[in-house]
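Everything below concerns the one structure shown next.
Letters A, B, C, D and E mark the chains in the order given here, with residues in each chain numbered from 1 onward.
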Amino acid sequence: MTDATSQTGLPGAQPRKSLHAADARTRRRNASEARFRFFGAAAIAISILALIVLLTSVLGNGLSAFRQTFITMPVALDAKVLDKSGTGDIEVMKKVTTIGYAKVIEKALTAALAEKGIATDGLDAKQISGLLSQEAAASLRNQVLADPSMVGQTVDVKLLANGRVDGFFKGRVTMDSAKLDSNISPEQLELALKMREAGLMSVSFNSGFLFGGDASELRPEAAGLGVAILGSAYMMLIVLVLALPIGVAASIYLEEFAPKNKWTDLIEVNISNLAAVPSIVFGILGLAIFINFMGLPQSAPIVGGLVLTLMTLPTIIIATRAALKAVPPSIRDAALGIGASKMQAITHHVLPLAMPGILTGTIIGLAQALGETAPLLLIGMVAFVREFPGAPPEGFFDPASALPVQVYNFTQRADPAFVERASGAIIVLLVFLLLMNAVAILLRRRFERRW
Amino acid sequence: MNDMRIADRTVSTDTAKMTARGVQVYYGENHALKDVDIDILGGTVTAFIGPSGCGKSTFLRCLNRMNDTVAVARVLGEIKLDGEDIYDKAVDPVTLRARVGMVFQKPNPFPKSIYDNVAYGPKIHGLTKSKAELDQVVETSLKKAALWNEVKDRLHAPGTGLSGGQQQRLCIARAIATSPEVLLMDEPCSALDPIATAQVEELIDELRSQFSVVIVTHSMQQAARVSQRTAFFHLGNLVEYGETGQIFTNPQDPRTESYITGRIG
Amino acid sequence: MNDMRIADRTVSTDTAKMTARGVQVYYGENHALKDVDIDILGGTVTAFIGPSGCGKSTFLRCLNRMNDTVAVARVLGEIKLDGEDIYDKAVDPVTLRARVGMVFQKPNPFPKSIYDNVAYGPKIHGLTKSKAELDQVVETSLKKAALWNEVKDRLHAPGTGLSGGQQQRLCIARAIATSPEVLLMDEPCSALDPIATAQVEELIDELRSQFSVVIVTHSMQQAARVSQRTAFFHLGNLVEYGETGQIFTNPQDPRTESYITGRIG
Amino acid sequence: RDNIQIAGSSTVLPYATIVAEAFGENFDFPTPVVEGGGSGAGRKKLCEGVGENTIDIANSSSRIKQSDIDLCKTNGVEEIMEVRIGYDGIVFASDIGGPDFAFTPADWYNALAAEVVKDGQLVPNTAKTWADVNANFPAQDILAFIPGTKHGTREVFDVKVLEAGCKASGAEEALVAAKGEEDGKKACLALRTDGLSVDIDGDYTETLARIAANKNAIGVFGLSFYQNNTDKLKVATMDGVVPSTESIASGEYPVSRPLFFYVKKAHLGVIPGLKEYIEFFVSDDMAGPEGPLAAYGLVSDPELAKTQEAVAAETPMGALN
Amino acid sequence: MSIGLITLIVLGLAVLGFILGRQRALSAVKGDPRTLHSLPGYYGWSVFLFTAVPALLLLVTWAFVQPIALNSHVSAMVPEADVASYGSTQLVMADVRRIADGLDAVARKAGLDEVGLEAMRADLTDMRGRLAEVGVALGSNVVPSVLDAAKEYRSLSGELRLAMSIAVLLAAVAGLLFALWRINPKQRARNLVEQFTLVLLAGCSLIAVATTFGIVFSLVIESVHFFKLYDFRDFFFSMTWNPQFRGGSDLGLWPLVWGTLYVSFIALLVSVPVGLMAAIYLSEYAGKKVRAFAKPAIEILAGIPTIVYGLFALITVGPFLRDWFAQPLGLGSSSSSVMTAGLVMGIMLIPFVSSLSDDIINAVPQSMRDGSFGLGATQSETVKQVILPAALPGIVGAILLAASRAIGETMIVVMGAGAAAKLDLNPFEAMTTVTVKIVSQLTGDTEFASPETLVAFALGLTLFCFTLALNVVALVIVRKYREQYE
């Protein structure tokens, strides 16, 4: 202890002051503490503010997509026009195209207006029928073909109104803008107002937006997300079924069994690199391997699912490895000490304990995959698909769309009515994401046995 | 040292249950255990004492090949159980560990029910034919571990909900449910309060009638209380090994003496 | 206990440096410390002994308000440093802790260089005016901690690269660099090997000339070796407090006696 | 496979979806799947071979290239049909609140080119406002959103506006004189890089949004897009002609281009509904001047009848000329 | 028998094997499982594996080898002259296979038997028409030799398929019997099953490697095409990016790389301080309630589709920055700029930085905090001088991950930063990034085989190498510091 014999007092030693008197330095330090704390709180505030701004803008733009303007009126289904043979033969009735139905509806609308005593001065027949969506004829035709006995009767039908009229009731279109608009005139809007007063026109919940297929640019009011939701659901199913077991198996191997050498290092770098590879590169991979090399069909959920699986796999592996690492080694020791083999120790004890972490990681990976657009652009998922895919597993090979792609798609369309639909689709996407996160939290609570 | 309560010294006359000859352990470059020769007798409690880091745990883990799970560990020398080399290629460590059970420093019950904790070993080794038989094994083991009375009404409650001492006894019950021949315990009481410690010590004394028990402890008092034979390790060497009474009252080696008189450690 | 090496019993005649009256601590519902009254003398090493979980650490952490960082902890009663209540609203725990330093069970050097580790306290408290002065403080502290000779050539090597004993001495140097008046140590040797332990013990003995030292230990031998006064805790109560020699040779309370004779704990 | 698969130009995409939708409604065949992805990618997919897992129709906003035809040949796609569906007008429009413009190609050249002729000298372009370009224009800052080079529209813009303007303003002569025949002509297409001319790689919606954010900007749009947004955009005349389906069909309005789709002949009669679809597409009900495509902004082909005949006869296209 | 059916049968046999194996193991020890080496179930599994694995492996190999062998046999049947008219043997074989499939369909539809099919003659029947009726597309009329080859192909493949079914099923049965015969109480069934599982697990971990190979492979092939058309020196060393629709483009990489780096840099400039401070606040200061609310709220930011951010950049942030900063400062009047994209991307990246850093900060042992508090440090001093340095390697990792996100982001840049490729220092100028150009060049109207399109792959490859380098750097940093401090 030769060192300690130099008993000089510490040069920094200062005369003691009372504990109660905070000196200038302490005050300064406390101020800096307060400042630091404030920066932290400010960072949180900034993040949350950004979230609120984003959410309000999405909600503000998109909520209106869930409501739609409909025209409800009686339509006389003239047998002479719709069933020329008079036999009720479906094949013959199918010969009548939507153009024929459009005429029937046009007549019915004029009649309904006349009955309610609404003046239509200055508007020609084309402008009046322009209040209706072009989808109206198609939906009426489908109804009639589904139930041919309707022909010859007068039935009450609910038909979509034109997107501009709908926009008028939602505030997107105004009288002023209509003056400049080549697709609608202020007079038509006046008429729409009168129809609404007369109860012919109303705004109500739009189930077609959630369950219908996509529609062309001529009828934004009919565009729905059904195919996209189903396509996304199929893809998520594929991702879940493939990525979860493969990811967990790979993590178990890497974390518990792999010898620690250059090769496993390489695999490790490789996996963390894959987690950071831009998603667009996975699109290129999917295009080359799954479509060109393996000959899988375009626009099919199976290809999207596979690409997203490869993309999600690293996320799941990383999360799973972290979860496995977090299981205390004492549990492994306990099992091994009783004579369980390593495999048994892992399957019986470690995996169940790591489950919450694994599931959270999986769901985060899934959520990422759900919102991914760029790789899908390259494998043909940005298609106009109106037919619903079949039931799985064949349905996996049918063309379908996906939610984020549908958003992208809507934002590219000319008609301004698609703007609210894009935001509406984002809302649906966010709801799905939130649901998945809620499930993650629930699962975590459920599995987290802090016994 | 006259005020230490020394357990009665009736040493069983069994031949050696386990024999170690020239055991050396390396952790990578670190030579943690140097040339240890020892005979663990049947029906006896053997205590390993020594300062921290001297290699007690290391040697204990050699006895049931738990060191196999440490990637950097290398074990040389020969360890025999009933005359069979346990490091032989043909020996499955899993089977070995069923015969040489282990209890750890910190109680580590599985996050399962008490019943499942005890039944786990018999299940994976297929020791029972029927549910009734399994129930029987669980009951016997818990009874042997002196825990039955405390938990018999809540066998399906989580094992982690027990107190520390109960958990440790549960771990002992779990270990003896596979009816091992040797029971290794690495500082089984260091995480327990005095009352729980006393219970576990009493238990160890009872277990000795059926198993060979090897216990690592930091507390010389504890070694004196529970063991019949004591081995003193120092810096990786087995310094002295003999009857507990003799080690504590009449150590041969100066290092042993300075340790038990509190001059080192 | 006659073969225990008892440190010389020259108790400093200073008045109490710290006084505790009626200290109670609750962790949520758990009443961890019950009505403790104690006087810590200046220039003395005070040892807290007692079985695991009896509240030694809890009380120690009350002395510099480290318990403030535990959300569930509630401290009642009165503790004074040089006659000033340290739990007073006006007291900044930060200033308090500069005067009542602490060394922990596991060496916890910061992931910085040796120099930065020691300089950390003086820097944040602004104790030095110049780099030279700071260098001086670091050197003195390391010398006092008996570490200077071992590290003077690698002051800028990471502190985590030292051996366990060196790390612990580094932590002590770090604590005394702020020139505290009281030094609290919570089982400072329990993670160290015998040689390192001996060095730290020697160091503690020397520190006593400048600081009051309070040390928690599990090893009665250690308490006997380094302390002048000993307090025995049991289940949250301060059972007995007095001169070390007296506590070890002639305990007043039966609980103290059974503990130091090894019947419990 | 029982549905028709179509891919290609995003300009043709809206028309194709309109037809596909109507086709699905009125025929027993399922609605065709129409994919965007660009003309080049569409043609490449068309030429990947014959068979179920290749597409049937490629939409294209420009004529097929010889390299595509060669690729088709190597992959066994011997015969393809070329169908011209009409014309796409390209219009110049600014925010509805802004002033009126009457452009000539030379104005655009002088506003956007890297080098212009000033007083007979070739000088770097320094025009800041439209008034600097043409004294008749208001002194509004120049800011033009033009299609990015990935777009087929850009080719039309290059040829019909920049090259024409280059010639008309006399810059071509000066450039050829300064840099030689080939480089000089190429230099006609060099745009200024000081940020007054902005390439838009996205869609017209993006251009529209950018105009909403920069009220004094002028953007390049498709006629159909403009027609759907007449309440937000004010269209400029070119060479004194107001763009409209009529003025483009008559050839008065200069900036337009034909739109095509290419059909893999081997799939005709094999993929159910393929023949019906292409006949339906070019029928008067759809592509005619009164049809929905025209309503949406397609300039119908004055020679539509010829196309209909060719489609009915399944005439494959001849060599590129 | 179809492959699916064979697989099912093999699996059925394997399940049977499982039951038999288990029983046999038990009966070998007269129902006393204690004398078995492993649990009875493991014996069952061992039989299962012996039955299924070799048989399925055989099936897969056969399914791969058969077409190759068949092709070479059948293609020899078509005379050179006919091959020449097709252009290549590959195309002939494609047609042969199509016709063979078509013949099946024709047979099914028309109810023809084998004789009827054999009798069909290419020169007598309109084969193309008949095949088209059943939905098989042919590029041209059928040549007689090709039809013969197709018939041969059809019958041969039928025979081979039968042979395959028999072989596979035999293998399964043999495996089953062998495994059953092997069973004895001493057999280490558990070790066998576990060994197999281990191989399976290792195989799964190779998928990640395979993905990388797939990426590199798919990028390299097309990149090679690109570099055949376009000099690599121009690509790597040219400072202009100016693709032309009709060729003659300048495709220099650097303007794009510069834009990418610039945008990412600004994004990190936003996200790292905010994210880090948020993480610090959440882990060191915030109460339980604030944490429970703020942490998930911030994480929602990561879930918002990037296209929403893109629109936000385009409509809100861009004009705001232009009107309040760019124009008053005289830095230009572009509403889309590096700054816009960087800011918005920074917001998107906040949760990446904050979540990861939060975890890492929480992982710093409490003893570090105790040590610092014990010396009288305030909380902020502890954070700044002890916790952050200790957590640094992890935080660097988090930041690098965020950086690779930033580099790979597409939508925000498209809408926020514009599409102008240029080398400029002014953050209020429009620029563009590599990813944006990958998408736009791949989905453009230019012909596919042109350098203007193929450049996308070269860009992709560059991007891949870039993130790879970044990751290796991250790993090295993390390793280095870990060695020092743990």
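The criterion applied here is as follows: a contact is a pair of C-beta atoms (placed from the backbone, for glycine too) under 8 Å apart; a residue touches a chain by one contact, two chains touch by 3 or more.
For reference, the UniProt names are A = Phosphate transport system permease protein PstA; B, C = Phosphate ABC transporter ATP-binding protein; E = Phosphate transport system permease protein.
This is a predicted model, so every value here is computed, not measured.
Novice: I need the common contact partners of chain A and chain C, sorted by label.
Specialist: B, E
Novice: What chains touch chain B and also chain E?
Specialist: A, C
Novice: Work out per-chain C-alpha centres and flag the one nearest the whole-protein C-alpha centre.
Specialist: The most central chain here turns out to be E.
Novice: Just give me the whole-number Å value for how far the CA centre of chain A lies from that of chain D.
Specialist: Using C-alpha averages as centres, the distance is 32 Å.
Novice: Return the distance between the CA-based centres of chain C and chain D, expressed in whole Å.
Specialist: Chain centres of chain C and chain D, defined by C-alpha means, are spaced 83 Å apart.
Novice: Give, as an integer number of Å, the spacing between the C-alpha centres of chain E and chain C.
Specialist: Their C-alpha centroids are separated by 58 Å.
Novice: For chain A and chain B, let me know how many angstrom lie between their CA-based centres, rounded off.
Specialist: Computed from C-alpha means, the inter-chain centre distance equals 58 Å.
Novice: Hey, what residues on chain C touch two or more of the other chains?
Specialist: In chain C, the residues touching two or more other chains are 94-96, 99, 124-125, 178.
Novice: Among the residues of chain D, which are close enough to touch at least two other chains?
Specialist: Answer for chain D, listing residues that touch two or more other chains: 10, 36-37, 202.
Novice: Residues of chain E that touch two or more other chains: which are they?
Specialist: Each of 190-191, 311, 378, 381, 442-443 in chain E touches at least two other chains.
Novice: Could you please write down every pair of chains that are in touch?
Specialist: In this structure, the chains touch in these pairs: A-B, A-C, A-D, A-E, B-C, B-E, C-E, D-E.
Novice: Once bound in the complex, which stretches of chain B touch chain A?
Specialist: 64, 66, 69, 71, 94-99, 101-104, 106, 108-112, 120-121, 124-125, 158-161, 171, 174-175, 178
Novice: Applying the document's contact rule, which stretches of chain E touch chain A when the two form their complex?
Specialist: Within the complex, chain E contacts chain A at residues 190-191, 194, 197-198, 200-202, 204-209, 211-212, 214-215, 217-219, 221-222, 273-278, 280-282, 284-286, 290, 294, 296-301, 303-309, 311-312, 316, 347, 350-351, 354, 378-381, 383-384, 400-401, 404-405, 407-411, 435, 438-439, 442-443, 456-457, 460, 463-464, 467-468, 470-472, 474-475.
Novice: Hey, which residues of chain A end up touching chain B in the complex?
Specialist: Answer in residue numbers: 259-260, 328, 330-342, 344, 348-349, 353, 449-451.
Novice: What does chain C use to touch chain A in their complex?
Specialist: It comes out as residues 81-82, 84, 86, 88, 90-92, 94-96, 99, 122, 124-128, 133-134, 136-137, 140-149, 176-179, 181, 202-203, 206, 209.
Novice: For chain E, which residues are in contact with chain C within the complex?
Specialist: 365, 367-378, 381, 385-386, 389-390, 484-486
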